[in-house]
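Below, chain A partners chain B and then partners chain C, in two separate complexes.
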Partner chain A sequence: MSDTPPPNTISRRDLLKAAGAAGAAALAPAALGAAVPTGNPAVPRALPTLATRAPVGPLMNLTAAETEILSAMIDRLIPTDDMGPGALDAGALRFIDRALSEAEADSVDAYRAGIAALDRYARYSRGTPFAELSARDQDSVLIDVQTGSATGAGAGFVGNSAAFFNLVKDHTWQGTFGDPQYGGNVDFVGWDLIRYPGVRLRVTDEEQRMLEAEDLEPARRSAYDFGQFQAGQSGGGAR
Partner chain B sequence: MTKTGIRRVAALGLLALGAGATAVAAQATVEIVVESPAMTTGAAMPREYSPDGRNVSPPLTWRSLPPGTRQLAVICQDHGAGNPPPWVHWIIYNIPASAPGLPEGIPFDRADPMPAGLEGATQGNNNWGLAMYRGPAPPAGTVHDYDFTVLALDTELNLPPGLTRAELLAAIEGHVIGQGNMVPTYTRQPAEGGAAFE
Partner chain C sequence: MPTQLRGADVVVVGLGAAGGVAVLPLAQAGLDVVGLEAGTWLDRRDFAPDEIRNNVRDWPMLVKKTEQERPTSRATAAQTANQIGSHPMMNAVGGTTLHYWAQSWRLNPWDFRVVSETARRYGRTRIPAGSTVEDWPFGYEELERYYDLVEHEVGVSGQAGNVRGRIDARGNRFEGPRQREYPMPALRWTGFHEKMADAARGLGWNPFPGPAAINTAEYGGRGGCGYHGYCNKGGCPLDAKNATHLTTIPKALATGNLRVVTRAHVTTIQVDGDGRATGVNYLVGNTEYFQPARVVLLAGYTYENSRLLLLSKSDAYPNGLSNNHGQVGRHYFSHHQGAGVTALFPFDLKAWYGLPAQGVAVDEWADDNFDHSGLGFIGGGNLWAMSDRRPIGAANSGTFGRVRAWGSEWKRYIHENADRSHSFYIQKTTLPYEDNFLDLDPRVTDALGFPVIRITGEYKENERLAAAFCQDKAEEWYRAAGAIEITRGGVGGAMGASTHAYGGTRMGDDPDTNVVDRWGFSHEAPNLGVLGASVMGTSGARNPTLTSQALAWRTAAHLAESWSTIAG
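After this line comes the complex of A and B, so read on.
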């Protein structure tokens, strides 16, 4: 193959490590999901849990069919599993919809075209709509999209399929691990997942010691709760 | 000689391109017979082994292993792609010498167990940086050759997962006692009953 360059392949492990916390994951299915906590294995820590997944309801920028496909994709990027909540639990879908009305408004067409192409590619290559595939087959499809191998394959991706993958991946991360002010990271589940201790304007010596011992209770506050910061538009960080 | 034939001969000099290749090429080795129920040298691979299909790894079998074979490794590479070539599609090693081949669909998720008889086998990183099989997707309208090389080793190395081709070749240097290959082709396929590939 393929003359496409190696993509910026980032696993859930990489993602959670990059988030700068003590939590993380395996690259399994290889490129996509499956969180596994790291840090001190001798210290058992409770995983974040959610009583119920945040309801989505109708979105502003996507049809019901588009929402179903995008939701299935996001659910594989950061899946809900025995390691904790996933991107859908964190409200990443709602975050993306809001961002498409604000800072990412010029990405609406890319989303619509990419979602349609993803589904066409799944039907073409696996004979089944993307949302109806098994999780393993969805992962396999997404790996092909991620690597650029789905480009042109009867699917009609605009440019390299990896561009669409990276667009959704970036927004999914933002919607999972960004400040809740922007509509994602509902109930701080993303921060809890990576054991981010939360926004603090000062840290005492005792808190620093507790942090290093992984015993510091999370602050569970948005940066904008402090009043010193002014929120921008959702999705602005993707640029 | 056809272009495919030339490439095939070049491939038998094997692994001779790129880092770490010289040690393998320099060793005197026994030729292994590599076969598959699904593909053959010089003929197009089924789409199931490409992103035009399910993109699962193809079945391979081998015979005529040299005496003293303790372990096997398989590399699938496209000598006509990559900068520098080859573009590596698949690496699998720590394969027990008792294995008669590889069944279709080696798991791409490390959490899934290897098929029976392949315990201990693990996959290295292809040129996408993924420790799994990813099949051919040559530029539209082109035909590429895909060299499935089987290497017989005289030792059990128990190598870690995720090795690159260069790292694998360095690790097995001096231990290759047999090799053989199969070189099917591939060009992007149209959808079944649907529009041609664009």
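After this line comes the complex of A and C, so read on.
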């Protein structure tokens, strides 16, 4: 782990992966289209380039080494692949870091312990730090973690490893498919993946018919772009 | 010593679904009413269509009273109860009507007469062993005018099925007769709802749209529903959901006879030496007040109603207020809404813009609408094909074993199927039993050191058999509409905490088995009334809010009409 890059730089592995994915997309537009139901209004958009990929500055709650391991895990949960951007592109890492400073502050210790256990289990069971495993081996480690079998004194998780898996998965999904207000779902990549047509306050009968006719353009906005809503805690209003 | 406040005619503890309605007939009758609410006013600015805020983080409220009073739960008395993760309710003026689903059903006539109707049709032995169910002290006909008042005062949209005995096939032909149509037409149907309705008709069933306390036209000075998709646990940014903070409470305030106190955390109800209620103690921050009143109406949620009574011990009521017959907390049940069925369709449902109150209902398999002669249970369930889809939830929907729920294969799956699954939650007849009850937890306390409520409850054979029967019907309906995968949830288990929680202060004529009388007033402390589903003795197969609001109106109207008798 001594050669771990600081988290605000892009690793060689990221570079290779992004280049490979972009290359795959460039070579296979037909294959990409084939994965999409015909008439779909929200075709997966162009794969991220290094310039568009959500930047991750130094995290507030995790060390550089912890960040690298967590990034590798998140990247396997919702990978950047020929379907398009993944959780890292959506900014799920930044979402999690912000959540750990606010609403999910109680989970910081669970992250620290879980990340350490994940890496310990990878080294023990596969002989290699988690972040350096192949994607396939990372997946097999994560299946062990998900099913709760990555346990054992000194070898992995002390408690049930599934709890850590579910914690990270829940937050990764929130950071990929939640409102961009919280730092994730950058460029609406999560909403495009599931073909969510976006936040609207009023959907007319005509717009519903357009949606059913595959003829409604996605509304690309955060709830807070409407300007009428206050974020944060409720209940301060006087009357 | 608490600060002694100027006395009021009536103090209402809790301004939610029930208390928020009751204040209107009281204030209109000229009574001096104080409404104590633990939460604050919220408005449209607080109602962002934001799934993380509303559904993931349970609304980050400044007032966290309910959060600090999360009940503990266990299936049976032999177990230790554990505190639940989040409370199903919230604190605000308007209470949970701010963010509820707003389905506003009347109970069917059978629900008021479960014991006598079962005995008449099948024999008394068909009442499940161990159940403490009783007929209500009155029938549907008695509550009809209050249902009607609330539907028109609050504003309910829907399609009538029985107006003064004339059956309208567009509505529910099993409903009791109503004196007039709903004040607004039902919420719209999408192409998927039409498909489900067609499939139901193909099975010989009678599909109809459900009723909702949601505007579908200009009503009460506010516009219609926007179908934005964030109604489930979300307030309405268009003020189209008819929560009591927009309807009955402002109208009561306009009379000049209602004072609303927010951030008022009620700790005890006080009584005199004769056992009559004298008022309530409450905290605002660290300051304690005593609000004297000639009549106290307790209108918290079901859990808090039993809890406040049990916490209010006195010489006259050593085991808790109005509990000298040992009935507070008894006859508790959580509505059986689990045992769901989930389907995958080979086409998009286009369900993103909708709400849980929008959908297709089938009542053929509810209540006693079908012959139970060869069946091992009484009652049944209302089938409800609604809309409820948001991005995080959709991305977390099950994969029916087709792919692992993460990774590249999952991405391909969810891209295609995020809008293709649908779930029935099926509301079923749920009965009270001897060994399902509420009491004070012996270990867990709130931030003030008072015990939280403890739920002891499990679904029994009648509920499990009804659940399995309803799952069969639901699967039949889904298959008829073209579903390609079906999964079912478990049919029984612990009741747990619920947004449909009944009993604990049941209404009935017999003081040995009921806490309040047929008007909602205590059999023991005659100037103490109780509002909410805690007085209901049966659940029916549909949401309780409208019934609890009709009952609240009826109790308040009775109080105004019988003021000198009750106030003493």
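Just so it is clear, the second predicted complex is superposed on the first by the 172 of 239 C-alpha atoms of A that agree within 3 Å, B and C clash if a C-alpha of one lies under 4 Å from a C-alpha of the other, contacts with A are read in each partner's own complex, and residues count from 1 in each chain.
Keep in mind that, in the parts below, contacts are C-beta pairs under 8 Å (C-beta built on N, C-alpha and C of every residue); 3 or more make two chains touch, one makes a residue touch a chain.
Only a predicted model underlies this, so the values are computations on that prediction, with no experimental measurement involved.
The partner that reaches more residues of chain A, of the two candidates chain B and chain C, is C. When both complexes are overlaid on chain A, the residue A:173 reaches chain C alone and has no touch with chain B. Contacts of A:150 after superposition on the shared chain: chain B is touched, whereas chain C is not. Look at A:191: by the touch rule set out above, it reaches chain C but stays clear of chain B.
By the document's definition of touching, of the two partners only chain B reaches A:140; chain C does not. When the shared chain is aligned, no partner comes close enough to touch A:111: not chain B, not chain C.
Of the two partner chains, neither chain B nor chain C is touched by A:164.
By the document's definition of touching, neither partner reaches A:130: not chain B, not chain C.
When the two complexes are laid over each other on chain A, chain A has residues 139, 143 in contact with both chain B and chain C. Those residues of chain A that touch chain C in the complex are listed here as 35-37, 44, 76-79, 81-84, 86, 103, 139, 142-143, 169, 173-174, 176-179, 181-182, 190-191, 193-197, 199-203, 205, 207-208, 211-212, 223-224, 226, 228-239. By the touch criterion given at the top, residues 1-4, 6-7, 9, 26-31, 34, 124-126, 136-137, 139-140, 143-144, 147-154, 156 of chain A touch chain B in their complex. For chain B in complex with chain A, the touching residues are 51-55, 78, 81-82, 87, 89, 108-111, 127-132, 134-140, 144, 188, 190-191, 194-195, 197-198.
Interface residues of chain C, counted against chain A in their complex, comprise 39-53, 56-57, 59-63, 92-93, 188, 190-191, 226-229, 237-238, 348, 350, 352-353, 391-392, 394-396, 404, 406-408, 410-412, 414-416, 418-419.
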